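Some structures to go through are shown next.
Below are two complexes that have chain A in common, paired first with chain B and then with chain C.
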Partner chain A sequence: MKNKINIYLIEFAINAILRQKYKSLFVAVVFILLTFLLTSVFFITNSIKYELNSTVEALPEIIIQKTEAGRVQNIDVAEVDRILAVKGVSDAYARVWGYYYFENAGVNFSIVGVDKFENQYKNSLAKIVDRFDFGEADSPLMIIGKGVHESMKKNYYKEYFNFIKSDGTLKKVTIAGVFDGDTQLESNDMIVMSKETFREIFNMPQTKATDIVVKVANSSEIATVVSKLKLIYPNSSIITKESIKVSYQNIFNYKSGLFLALFIISLFTFFIVIYDKVSGLSSEEKREVGILKAIGWRVDDVLKEKFYEAAIISLFSYIVGVGLAMAFVYLFQAPILRDIFVGYSELKPSFELPFVFDIQTLFLVFFLSVPIYIAATIIPSWRVATLEADEVIR
Partner chain B sequence: MIELKHITKIYELNRADRVVALNDVSLSIKEGVVLVLKGASGSGKSSILSLIAALSKPTSGEVIVDGKKISKLSDNFASVYRRDNIGFVFQKYNLIPNLSVRDNILLPLVPLNLDAKDAEEKLALVMEMFHIAHKANAIVKNLSGGEQQRVAIARANINNPKIILADEPTANLDEKLSLSFIEILKELKSLNKTIVIATHDPLFFNLDFVDSVVEIHNGIVR
Partner chain C sequence: MLLSPEVLALLILNVIFFLFAIIAFILSVKIFLKWDLNSTSQAQYKLEKQSFLTATIIKYIFIIKVPLFLFFIFTLDKISGLLTGAMCAAGVVNATSYGTYLILLKILNLYLFAYWLALHNEDMKHEHQPYTKMKFGIFIAAFFLLMTEIILEGVMFKAIDIEKVVDCCGAIYSSSANSYISVIFRLKASLLLVLFYGNFLLIVIFYFLKKRYIFALSNAFFIIISLITLISFFGTYIYQLPTHHCPFCFLQKDYYYIGYFIYIFLFIGTFYGLLSGFLRTSEKEISKNYKIALLFNFLYVILLTSYPILFYIKNGVWL
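The block that comes next holds the complex of A and B.
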């Protein structure tokens, strides 16, 4: 009997919420907005972190670029043999790739040239090369990412695309397939074609490559290998995975600062609402508590009722807020809010926020909102409930 | 049996200002008795009812009901005492205006967490007895004064209390409704309830079923 849930009390609490419809509506709207904002921010943050990590993980350990007066130049393919001779280096590949600016859509495609008979420097590329054919020199084919496909389609290139070569003439390349990469960030803006076609479009001679990827079998030797390479190539830039990771994180941390501000603003709003509650009950609410006491409710009966009231409205709002945030972020790809991450989207044009389910975020938002609201409701009610009933209902 | 022993009730308005609402009042009311407290406005009638209902505490003196010192009860026990023993019909009825008749009458039972069947039985009984069953689902604020009073009386009786307290029960009623209230009182007396009515309505002073009329004047009982 003592442990049985009191349906009448819950019914009364629901009734009380419905009776004060404007107040309840106001609280629910503010609450939903708060949980929605907080959860969306956390979801976006998590998704992007996840993307960044998987992108960085897929990067090669060391990349060597040739520089002249600080500007990146093409590197000689022949350097591969010199690099392979360095102790600790297990493999080296000359990469042929570059950004192609598609003016009509105002986007950059990153084009990667591959050779079917060479080893590929990463697995995802090897898979693509295995599955597709890149045609002959006079009838070339290419495989494109989803994002590339979208922007080409919008400009009526459904079956092929005309690249403008450096001499101003056109090179027609037929679309042979569209791929879904392991991670969206990497593959969305990517085009894969044969090295031959790439060299023709970018006017790159056979003896040159964009950069050289170096593999080190033992990751503890990376630093030593890097310093050796620096000695051999004083005028080159040697990029390690670590350094890219750091620069990515810098961009991202700066952006998450903005979100922190947003977060503080929403918390602030929430505390204003709470402050309003703590500073007292309306005279009508006070009177109601007095009446309940006068007809035999104990203080804890009153508090239980207020608890149900607050719990129902805050849980409801929490669930709605989180649900809306999920739909907003993952279904609609967070319009507006996502633009605050502009820095990141410039880095990688179009990407999709992957669904990263993170129970910690849900807990965090829950503890930042529901218990605070319940406490803010219970405390002023407790103050009134412990007054002499006669005073309250007079 | 209700006993008030040398009750003084002083309201401290502020440091300088205080009201002596009751001054050394002693009174004893036997079980099953109907007692009318008569007095002008401000004489202290409501204060006496509040003390009997343990809604307030005396400044000095004791209130004893059935041998229990209820003026010494803690807040929680005072609530339980009210719930089990007192049916209070307040002057302003103290109903919750936006709730239905049935929900208002059920209010005292809510913390008891009774089975639905028990609660419905009790509800039906009092609604029938005080002629308000036909308005069970009406919202209280849309009812007439007389109907609201019957809701208040039904609520006061749902726990079948031994003591009924009524504060100015006819103040808001016309003559016809006042007479029907008196019929209700008779019925309650026939159920052997102890009834205390605070009023200055002369209608109550010469009723055959009223056992005693006590006059109070400026906080002093004569």
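The block that comes next holds the complex of A and C.
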């Protein structure tokens, strides 16, 4: 049943492509652009997803937020003891964190308050606490992320920063150092300072915390612990790591899906352009087919040759397109395209896209380009192949 | 669910199949009704030309469909991460009431289209094209199956609800489940194995006896018995877990994608086995079909048998 691949026919197809230089070039350029764009988008989403997922890995298993009338409120620090009493919970921490809007640069800093003598809920934080000192209450220090450092420098805050407190007075905090997080996405906009300084800036009482994170030793017990916590705090929102992961996945599926949905129009246009290009036969091509048929080629042979042509052009363009996309995304960090996915915030985009090789993306792009191209050439090729020899040579 | 990129890609290709299949269908009906090789009329001449287009379209659909089927399974595996409770494609298939039928239909269509191609190739070898009417008749039937498949696929992906909790494969393929699957587990493993190896032995015997129809028939049985033993017996050795029977999990990376090999071997082997019975060709072709069928069925048996044997060598006990 298998037809052997005919090498002479392939050679003939390559020569046929080269004979129609401009037409082939045009088709190849359009095709390369298409695969390039598609592959770049999928590479970018994959990389960002990877970054985010590694951030999520570092997150605690369960987060408890107190809500009142649907809004998140500060939670009592004393609740930690009640949570620790729940069987299966290995540890619980009251977190103190929030966003500070820096008007001059138009950015939000995420500020995390830590206590030097407490266990940290995250390894990256524990490292920072080990390395740096947070100073005394009247001369506080802070550690800032790279992006924060940049934006402060631009506004001439090189050694310290003045936070505006809720009563309107200023709080001067000295910059003790700049840190690199495990992942850029996580740490770029982060400021770490002591809990006291944090409470002073945001006017948060000692008995309150932003939320409580819970660690569960056995990951298969998480669901049970969550249901127990739900009974204790019926009106609070309890977020698990799994649910965050799934929602990330959904967001990115949605984003790239939406892109692809808009892209359908391009695919359709592509189909029509190819159809049109391949249909438009020059008299020379017609004569060529006429001669071939006159010397004994069957319709099937001409069709096969046309199929080889289409396969060679599409595979070549696909490989070039994917290669260009790889260079564009991973060498040049996808200059304009990634803003679609990262957003325009000044602090966010300054991370590197990590190299994630996902073979499925390649298949996905393959199925979105090569079959569509070949489909567009079927009917025109058939038209060519069934031309009458005597009519065209005449 | 429709907006995830993989699903969209599948749907876009389905739309192309849909459009082209309709063209092929209309032409097929025309050819099926009016084909007369002895006629020298303009109409017959036109039909002959159109038969090439139809054949090319069907070939195209089949050639894309084969890798697309693997991509489809891959996609189901990927989606399973989004559904609460699902751990592999089995959960996604079971998430809606259409999933099982869709998979069965897809497999049926693969066999049908592959058969069509074999018939077409045979047809083109003869000057008088003896099978032309028959092959386009078969396509008319296959067209409706293809349309059902395309519609069902769209409906299934639309119906998948991310919020809903679905069953994991461990629950679906457990012996306590109250479904038709659980009937398999009531059968004794030893009996199934005797059937499985016995069936394979029959294939080998009829290979040497060259009995076409019985060879094809034993291949047809081999598909069924292979799938049953795969779920009830061999699967547990692949997972090295006596309670895990899922026929989808071993398609995943954790088992080195071995499932793709298993199913491809089974498909090629049994397809050529069936082909030898359904297609009358030259002696040379038939013996080639016999050989391919035997080779891939043999590979399938060897591959699956190696799992329990290796397990026994390593652990000294059977599961």
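Criterion: the second predicted complex is superposed on the first by the 230 of 394 C-alpha atoms of A that agree within 3 Å, B and C clash if a C-alpha of one lies under 4 Å from a C-alpha of the other, contacts with A are read in each partner's own complex, and residues count from 1 in each chain.
Note that contacts are C-beta pairs under 8 Å (C-beta built on N, C-alpha and C of every residue); 3 or more make two chains touch, one makes a residue touch a chain.
Just so we're clear, the structure is a prediction, and the values are computed from it rather than from any experiment.
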Tell me the contact category for A:288 with respect to chain B and chain C: first, second, both or neither. first
Using the touch definition from the top, say if A:386 reaches chain B (first), chain C (second), both or neither. both
Name the contact category of A:299: first (chain B only), second (chain C only), both, or neither. both
Classify the contacts of A:276 with the two partner chains as first (chain B alone), second (chain C alone), both, or neither. neither
Just checking: does A:12 make contact with chain B only, chain C only, both, or neither of them? Give me first, second, both or neither. first
Using the superposition described at the top, list the residues of chain A that contact chain B and also contact chain C. 1, 299-300, 386
Contact residues on chain A for chain B in the complex? 1, 4, 6-9, 12, 15, 19, 288, 290-301, 305, 386, 388-391, 393
Give the list of chain C residues in touch with chain A in this complex. 2-10, 12-13, 16, 20, 49, 52-53, 56-57, 60, 64, 67-68, 71, 74, 78, 81-82, 84, 117-118, 121, 124, 162, 275, 285, 289
Interface residues, chain A side, partner chain C - complex: 1, 3, 42, 246, 249-250, 253-254, 256-258, 260-261, 264, 267, 299-300, 303, 360, 363-364, 367-368, 371-372, 374-375, 378-379, 381-382, 385-386
Show which residues of chain B lie in contact with chain A when the two form their complex. 50, 53, 55-57, 75-76, 79-80, 82-84, 86, 88, 90, 94-96, 98-99, 103, 106-111, 113, 116, 119, 155, 159
